[in-house]
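Structures for review follow.
Both complexes below contain chain A, partnered by chain B and then by chain C.
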Partner chain A sequence: MIARSGVQGHWQFSLYVAGMTPVAMRALANLEKIGDRFLDGRYSVDVIDLLEHPDRAESDQIIAVPTLVRTFPEGKRRVLGDLSDLKKVMEGLDLEGGS
Partner chain B sequence: MSSAEPFKRRGGGRGQHTLVAKATPPWLEQTNDFFSAVVEQSSDGLLVIDAEGIVQFANPAAEALLAGRTANLVGSHLGCPAIAEPVEMLLPSPQGARYVELRACDIQWEGRKASLAGLREVTERKRTERDLRERVKEMRCLSELGRVLEEKSPVLEEILAAAVELLPPGFQYPERAVARIHFAGQNFSTGEIEACESRLDENLVAGGEPTGSVTVGYLPAGTSEADSSFLGEERELLRMVSTRLEHVIERTWGEDGLRQSEEKYRSLFETMVQGVVHHDASGAIVSANPAAARILGLAVDELRGLKLTDPRWHVVREDRSPLPPLEHPVTVSLHTGEEVHAVVMGIHNPAEDVVRWVKVNAVPRVPDGDEANKVVYTTMDDITELRLAEQRRREAQAQFRQAQKMESVGRLAGGVAHDFNNMLSVILGSSELALEAVDPESTVAEDLREIRKAAKRSAALTRQLLTFARQQPVDPRTVDLNEVVPVALKMLGRLIGEDITLRWKPGRNLCPVTIDPAQVEQVLTNLAVNARDSIDGVGGIVIETSRAGLNEIDWSRHPEASPGDYVVLSVSDDGQGMDKRLLGKIFEPFFTTKLESEGTGLGLAMVHGIAEQNGGFVDVASRPGEGATFSVYLPRAAPVRKSEGQSGEGKNVERGSEVILLVEDEPALLGLARRLLEHLGYRVIAAGSPGKALELLENESLPTPDLVVTDVVMPGMNGRDLAEQVVAAHPGMKCLFMSGYSADTIAHRNVSSGDFAFIQKPFTREGLATKVREILDS
Partner chain C sequence: MQRLLAGKGQELAGELRGALGCGFDLDEPFLVLGGYVGKASEQLGLPDDGGEQVVEIVGDPAGQVVEAGGYYLDGLLIQLQQAIDQIGARRVSLDTLDILYSSLSNTQVIRGEIGRLFDWLREKGVTAIITGERGKEDLTRYGFEEYISDCVVFLDHRIDGQISKRRLRVVKYRGSAHGADEYPFLIGSDGISVFPITSVRLEHEVGLGRVSSGVPDIDGMLGGVGYFRASTVLVTGKAGTGKSSLSAAFARAACARGERTLYLALEESPGQLVRNMKSIGVDLQPQVDAGLLRVEAYRPTLSGLEEHLVSILKMVEEFEPASVVVDPITNFVTVGSSHEVHSMLMRLLDYLKGQGITLFLTALVQGAGQTDHTETSVSSLVDTWLALEQAFIGHYRLRQLHIIKSRGMEHSHEARELVMSSEGLSLRELPEFVAAANSGSTFVGPYR
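For the complex of A and B:
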């Protein structure tokens, strides 16, 4: 399974925000929690602030923020919101233990 | 129902969808329609998102919300909602971001797990919330500013420096905002306003003049999308801030102006010469300036609470009668509400124990029409000195009249003495000539000698008359006072009377002095008369001479005198003496302790004047009851050259053979003088008038005279003019004036200046012989 093979490698995420709003900060905190717990810290996050890179919304087809995009392993997966529903995050990112 | 149609159609990307199973009973069909309608009509956006995050269904509201953000919403990769609670999401768009509240729940969609996401737009609510926050910030800014401005710091610069710090927090992006207040050439700022990319400006106008500006700007942010525009409310905020600052500036300016004005008037009040007193409605003193305190003789603090009618000031009217308190200008002004002007009154000054005369004005004032707060301002001009000066002026006028009277008497005496001296000259000269012609042992010679003695005594009387009238000519000579004083003693003895003994104590080894002997006589006469008058009944007067060296004179008392050896002529009495106050005044002209009919007040002034004229000064020592000593100090002169046979009968008179032009308008005197001179061996050309004299001078058959002896006062031309013409025509020719007339006349004719010699009428044969020889030999 892609997800399983991915777990063993280095996961990469892009977190799209529009300024470090309280929701964005919650999202980042929750992502770190998940990454530490389920990826043993083998992950990296690229926070993309649309206020600084407004063109990325269109090019990356970001409809709403915060949106978390799994860029590696291949096969893009996306979740919306503050990532406070861990189960939904794991399902959305196709992480093991999520289902 | 048509409303259910779109629901089915929009799901149609992947065929027909319904919310429930396909085979449905009619009631369920109806329910389905109902829910379809609800979904279609809902104002909230509804989306069905599958497990991969792909949108499977969107209602019209969702389409509308997300329009433009993706080409085809259904099928787009939105992502799975991963939220435990409703979350605020931002929908980015170049046309303007929108905010939605995202809710989510799990549903079954076409047999698979999916999420139903609800989107409710909250953009408007967010904006309202943000606006509210901005308004709160602006309010806080204004409130803080108000607090700073109300602290009323006296220094405007401090107010502005504090105010500028409060501005950035009132703006939308405080972290990037920079504020600056520019006022009167000074800048107060929180950062580099020049570096700001957008600015908002408001002018500061105070007192109708532009005085500066208030500026807020935003520094560039790292992001190009960052907003640096200003809200309308922020413009309004800046306007309100500038208005408030303008008020503060104007208030401070006003306070400064008021303070300066107050200081100016306070300083005027403190330094003015006029006394100013502020009274309350009861007449009690509220405040007074230092001038008033000086007049009233109390310190400003001591005056507070007192009334000017207080008995300590013994207020009197101009006629020195007590002024009743009810008539005091302050009382009158308080009772009538009218101004009272120029009331002259005497106030006893308790500090100086003297009466100060003041001219008082009282002005009532009723602030705001409240009678209870009525006040009175009094001004006082100290006119004490003015009154004193007025009194002195009156006294001086009286003295002037007295002096005029004396001058008339003097002029009369001088006029009489002139003619009288001419007659005496004839009597003296004729008797002397006759004595030459007769046997000295004969009875005729004895009679002639009596005539000569009587004539000489008459001459002495005339001299006294002139001395009294201050009209005798001045002829300073080098004399020994021990020789001059005895001459006057007999006359002085007669002057002081028999009850007073007069003692003469000549000093030893006296130096000569230069003075007109007549002035010595005048000094002695005045001092002796004063001494006599100070003695009540029996007493004694001592006249003495002495020497005074450098160390024996208190120079500090006579700073004007030149140091050196002096000869002292002093007159002491054992009379009533004088106190210090009197001593300070006795040399003032017209000061007298005597009745108007008795003295002129000029005696001691004349003594003082004579001493000064001869380079000396007068000292006086006296105590009440212990008599007085007046000492006249005269500077020593070169030793006297005693000429042999200077005077005295029987001695050889000096003779000569030179030619003398004699001019005299009195024929008897002309004849006598001619005879006297011819008798002495001189060749005399006699002229009865100055015109005749000039005519004779032109006559070449006559010898040129060596000396012109002329009278001073003659009709047609006076002796001085004649002498000047003669000397002009015959340089080197000498002149001798004869006169029995007043000192003033002689002085005006420049006779005593040393250019010409002078002999006083009546003269003796010896006197004339000596004088003529002296001039011809000089």
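For the complex of A and C:
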């Protein structure tokens, strides 16, 4: 239940999607579940729709969607996919407690 | 790794120029994706007028990515879309597709997404050239790219007897007839050259024009006029019998008519050749200075036979000579088997014949009693065959010349003495006792 780092602070994520497709919706829902369960709700998500901001794909180096980027705490980490694999998400975000 | 990919980039750009024969208009906007192509296109001299743009597709920083569930590669398509729209590209090259996916591990997703990428490119109406590495067992990395492509070209680089050979094969080309063979290709300073491996058909226009041998007396033996234009002439003889001298005389005569001549000197440097020929009254320097004679000296061992063929043909295309001299072709035997030499020479002489170019070859023959490569390789392909051999009279050595064959013309059947002096080359009657010795036996020629 304890995140190794930044648990006291406020976690920030960017979620890159290409339209609010089913896979994007799933990723968002899964992220909300994880945030509520492991971050006590102390997080915020900036959803970036590449269809609306296509230039962000190159500038932010996005190939796959959905891509979740942890922007805070520092040390960018990326997780691809609909975040359905909880273990992988925890590993990717450097969180502890998932299994 | 880097180098290998750079090579791929070059090959790719070359494909665009030549191999597929698409006749691309290089002024059209052209998008190159992938970091390795930029340098290659620069080397190939593609126009740097903003028509072409090299864009790097940036993927996830390697090693920092975790895959958690299903995903699509829309980010890639969006990056592509942006780049294409930016310059209005009609053509896209994606260099080394594999690299784009190198950070991803979900093969199933990648396969699906490559399919989507290809469809998407097709819908966009852009022509796309995509390179990828060969798969372990299949033609391609994911084993299906070839099925969803319209045209597949397979490039191969092999080392055969320490000689590097690049081959190209069109595996498929939807809606178009294409050669099924492997074609040798060469990457040079001005791009890629591809030449068919099989010979053109024997449909050359038959020329009736004649060209001088450069030695009036030899012309005299050849019906008084000389060789047929666009024919192939072979001069054989041992070392020191005057093969290069006859080549030089022929070349000088061609240049004197104002015709360009390409002289491939495989044993001497251009300087040596000019100096040595001057000593027998054949001054080539004025022709070199006038730009009519181009002497190219090189060692055949530097590359494979096919590369030689390609580079010779390239020189011919550039220089547009009326005659080509190869002195001697025997040196090619050092880099290929007899069969390969035969095949290469056949292609060379068929090509030159098709262009109306006269080809003058010399060949070094070994000592008597040995069958030699030259004979089996080329003698049947040539139109005129002059044999030089030496005879000893006491301690005087004389050079003897006779015509073994000269298709389609009256020619002398007598052997003559070839005389070299500072005034040039000439023929004279053989001394009586040599002639007698010749007729005494059945025939004491070099080919029995």
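As a working rule, the second predicted complex is superposed on the first by the 93 of 99 C-alpha atoms of A that agree within 3 Å, B and C clash if a C-alpha of one lies under 4 Å from a C-alpha of the other, contacts with A are read in each partner's own complex, and residues count from 1 in each chain.
The rule is simple: a contact is a pair of C-beta atoms (placed from the backbone, for glycine too) under 8 Å apart; a residue touches a chain by one contact, two chains touch by 3 or more.
What you see is a predicted model; the values in this text were computed from it and never measured.
For the composite obtained by overlaying on chain A, chain B and chain C cannot both be accommodated without a clash.
Looking at the shared chain after the overlay, A:A18 reaches both chain B and chain C.
Touch criterion met: A:E52 reaches chain B, while chain C stays clear of it.
Shared-chain residue A:L28: touches no atom of chain B or chain C. In the superposition on chain A, contact is made by A:Q61 with both chain B and chain C. In the overlay built on the shared chain, the residue A:E91 is in contact with chain B and with chain C. In the superposition on chain A, A:G81 makes contact with both chain B and chain C. Stretch 134-142 of chain C is the one among 134-142, 188-196 or 278-286 that clashes with chain B after the shared chain A is superposed. Residues 18, 23, 50-51, 54, 57-58, 61-67, 76-86, 88-89, 91-92 of chain A are contacted both by chain B in one complex and by chain C in the other. Interface residues of chain A facing chain B in the complex, by the touch rule stated above, are 18, 21, 23, 49-52, 54, 57-58, 61-69, 76-86, 88-89, 91-92. If you check the complex, the residues on chain B that touch chain A are 51-53, 66, 69-70, 76-85, 87-94, 97, 100, 102, 104, 115, 117, 222-226. Remark: chain A residues 16, 18, 23, 26-27, 30, 50-51, 54-55, 57-58, 61-67, 76-86, 88-89, 91-92 touch chain C in the complex.
For chain C in complex with chain A, the touching residues are 57-61, 64-76, 78-79, 81-83, 100, 104.
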